[in-house]
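Sharing a structure, written as structure tokens. Questions coming.
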């Protein structure tokens, strides 16, 4: 039995832990051999492979990124993509594929498995934690931890100068990172893509915070949007989820706050720092277990499935189902957290 | 409505986040007033109280420990304890009590609520994560993170000198911290209280690790015990769970490994460092939500209940039931992790 | 003896440690009393004071920011500023002033001490480490540590996608943070304000890094400037040091790299995160010792002086002299570090 | 030109950064070739070498430990040691040796260079910072940072239970780590090997701290000794510095404090965690510069010298002189810090 492994989409702390879990158990307990494919779907599409065995996964557990590389190549949008993949798998003697990726990458796996008879097992990867089939995805805890530490730091500088600090975190379509890091960091306002925000309400919270002699921290997801549709957007484009994307929403909001409240406001955009570096212990645990259970699914011949976390258990769900719906922040949960605003 | 709050047992990162959640929501949404009781059950027993309102909970979210203090005072073992508590609550106009603690502290709350008509709501606290009613308890993630970082550090010093490093972590009756930090830290052997270990097997793993030209890390819970009943214990006493406790098991094991394998072995006992300091983002999130839901239970008059985490939801379970059974590491999970041993 | 204390300019991790050192030694060993002035020079200018004694400095050692607040108010530019300060000091019975700040704040102290007979002792504060009289200033080590950790994280995400990552750090006129964090973080290019950079040379380094199958990290100080004077600047203004300031130089450079090399490039601007939060152990040590020696200078009546680090000793230098010249990165040191470029 | 490199003695964060600095500059600027010797002096003694070039030093900058391995092998105590080293160097075509180590390892280098005509350059390595010729040694800042973070954590747990926490840190003959981390961590008592301590004085400080309603933290170097010579030592042996070593002094002190004050006291022994893991930014900077300057000394033919830090400069000093005297904490500095005791 030879199993192919690939990682697609944006990188995420924990990818290497998944790969290590797959290979350690696959080799030691099931006697499998492995083929690493480079750069997501580009690997099987172009037959670009890399050695993958016990020695190559040594020491990678605490390392961020992915030893296999990643890309956003989509074989479904590539002429003859499916055929070329099937040929390259057959040519390399690859019997099954473990696909680690987000909804785009896994969408291909679902198609291959369900329609084209290529046995795939999926491992969910989204730093935004926006996949409905699983309680958490790895990488999310690390990103939240980094954002929380940054917010902790911003408090003291905000207080010293009695300034507003706006901290823009990741989250295009779902506000999980903003919500968790904002709550953990003691933010006074948290703005998420799921609910358009009212700038005047934000300014009211900011003002009330100053009245209590403290300086406000506003945490905003990069995909959050103002209610007022007529604001001038720097880069307003319609994406596949029907949202208008606002590039630089944090900076825009800081300027509005200055204008409307007369208080100094500064912006920090955390950016790529959130997705790099060593994974948290939680993410290493989750990612490793995803890897162990993915290879078990291969051994069970349980293809077209994705591993997922439910409570403290790892379960299997159909890939196609798992990626059908985005997991967004429920209005009640946002309301629950809202007690800390202002 | 006046609500009393107390924290009992060993301290745990996140206690202050719970208290803040309770008070912020209680005051702002329900208009409640609060009485803080000092040092666990000693507070209501002796009528020792402290002011608890919005200003007193400001800035405590990221701080470890508990602003209320803690103790292991048990009113059930105190002459006239229950009567004195009822008197002091009545005297202070306290209508309900939120009790944050482990199985001992909550045992009193269950008794008071179920038998003596004192309305209590419980919040689970055990850094060891050994409460069966909840997926996780706050403080655990922080402790695992600290232990994992320590294990990460031990690797490089072990490799440089080709020594065995034994790292003793918390866990008297349950091996959760050892299991999670050992897995996340890439330990080569993990020993937990749930399964007596075979020193010769440990030595075999140690030896095989050296053969691969790497130095082994052994993570051992403080409550782990060797199989061989006839070892000479430094401090062998029978505790309430029927286990023989071995003080200094890490150091004992390091010496056995040296003796049996001829390799140098060193011990590190992490100790109190694991329970102090700022809570992780995960623990701040969980602890805050526990606090918000505990005050909701008070408002709903849902007494005798404890808040608990199930998946990503906070639910309520009867206190008495919740503390009836210790949550230990299941044999299958230990076996799952065992693929990394050796 | 009553001593006034103020903190001016941008905040910096370690300010509270200085204040604590001053007060602990002043009260315990010399029996002094203290007056805290709020928000830098605004405090003595407007007679805005705050209590400052042993209880108010408890627990502030590990806290970033400043309990006294800060501002950029300059009494020399305020009508009647000097007279008002002298009146307010006399009115409050303040015999001497300890001034903690950067070149602007200390410039006032020098003037007051040397010309207006107001006894001042200075403590240097610049997160940029650009004061020539002292080996290091507190806050710098913390900022370098934060930037280094961020760069560590960027490596893994750069490698996974084979992208250029440009990391913009603090440093308007001196490149110390860029130089130290860039070296410590293993950056492939470091750009500082002291030497105008050649975009084509940067692109050559970037390209050669990709040839070795690694992705490049470019660390750039916010005040770094391209050689080519004819680039279109977003915000080109002439400042007091004769430099043209380029707002957003990191983002500008990333776009140029993309254009000239055809490689994807992304920018991260660390911003205010670098100056907030708990100070490093090094900065707590340095800041505390600065505080202890500043109060010694007051006791010795050694006014008009500033404390400074020389090797491992704290010495005193004339304030006026200390702030006369900016400490910039010497060409030989930049060349020494340049061995790691490309 | 072929240059040999070895690392001896206990490991220290930053060793790999030194090696990388040597090799990068040696190869790129001077065209040298390198031979790595394994496990300190054991390498040249037994002719055990390892490849050392640009590819082998890639990615090692942030990694603790040493890729060359280490040992305490002393060729001066080995029959025919010097002759065998000279033979192996000649046999391998090694023209000069860079020796990275503490006083024992460097003592051999001094002897070889000064007496036996083997050209050596030294790089100082002692995590204890106890070498008189240099302001700081790399690894020390990392160790102090780890100890400070641990002390930060102990505060909250001490306060919650109103207990004494004794934290034992490294430092057999010099108290630098205790002094720096104790000051930075806000300890209430710091005990160092340089001054025998009076247990009753310690108890007086402990008691006075409790009176201020705070719980005391006692930081003690592993080599600190009580004044009272007649205490029963667990492991009293006379070492080469004329000190009696007390194994487990932290635990012993905690018990004495409990006995004499009636307060609960707990001990934490930080141990090997202090010397492992990724070096701090400060240590990476210092270690890298030591490496760059060591290879410059080789190019200059300036043998028998050791690189050292003086202020912000790297200088060269005779090895023999540099290791002649231990750098211990001066009484005045200990007194300066003493203002925070109690």
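Note that the chains are named A, B, C and D in the order they appear, and that numbering of residues resets to 1 at the start of each chain.
FYI, contacts are C-beta pairs under 8 Å (C-beta built on N, C-alpha and C of every residue); 3 or more make two chains touch, one makes a residue touch a chain.
According to UniProt, the chain labels map to these proteins: A, B, C, D = Pyrophosphate--fructose 6-phosphate 1-phosphotransferase.
From a predicted model like this one, the values you see are computed outputs, not experimental measurements.
*Asks:* Over half of interface residue numbers shared between subunit A and subunit B means same, under half means different, so which is it?
*Replies:* Mostly the same residues.
*Asks:* Go ahead and note the Å separation of the Cα centroids belonging to subunit B and subunit D.
*Replies:* 35
*Asks:* Could you state the distance in Å from the CA-based centre of subunit A to that of subunit B?
*Replies:* One centre to the other, that is 30 Å.
*Asks:* Could you give the separation in Å between the centres of subunit A and subunit D, each centre being the mean of its C-alpha atoms?
*Replies:* 41
*Asks:* On subunit A, where are the residues touching two or more other chains?
*Replies:* Subunit A, residues with two or more chain partners: 152.
*Asks:* Between which chains is there touch?
*Replies:* Those chain pairs which touch are A-B, A-C, B-D, C-D.
*Asks:* Residue numbers of subunit A touching subunit B in their complex, please.
*Replies:* That would be residues 24-25, 28-29, 58, 61-62, 135-136, 141, 144-145, 147-148, 152, 180-181, 183-186, 214, 278, 280-282, 284-285, 288-289, 292, 310-312, 336, 339-340 of subunit A.
*Asks:* Spell out the residues on subunit D that touch subunit B in their complex, using ranges where they run on.
*Replies:* Within the complex, subunit D contacts subunit B at residues 10-11, 13, 15, 63-66, 69-71, 146, 149-150, 152-162, 165, 266-273, 275-277.
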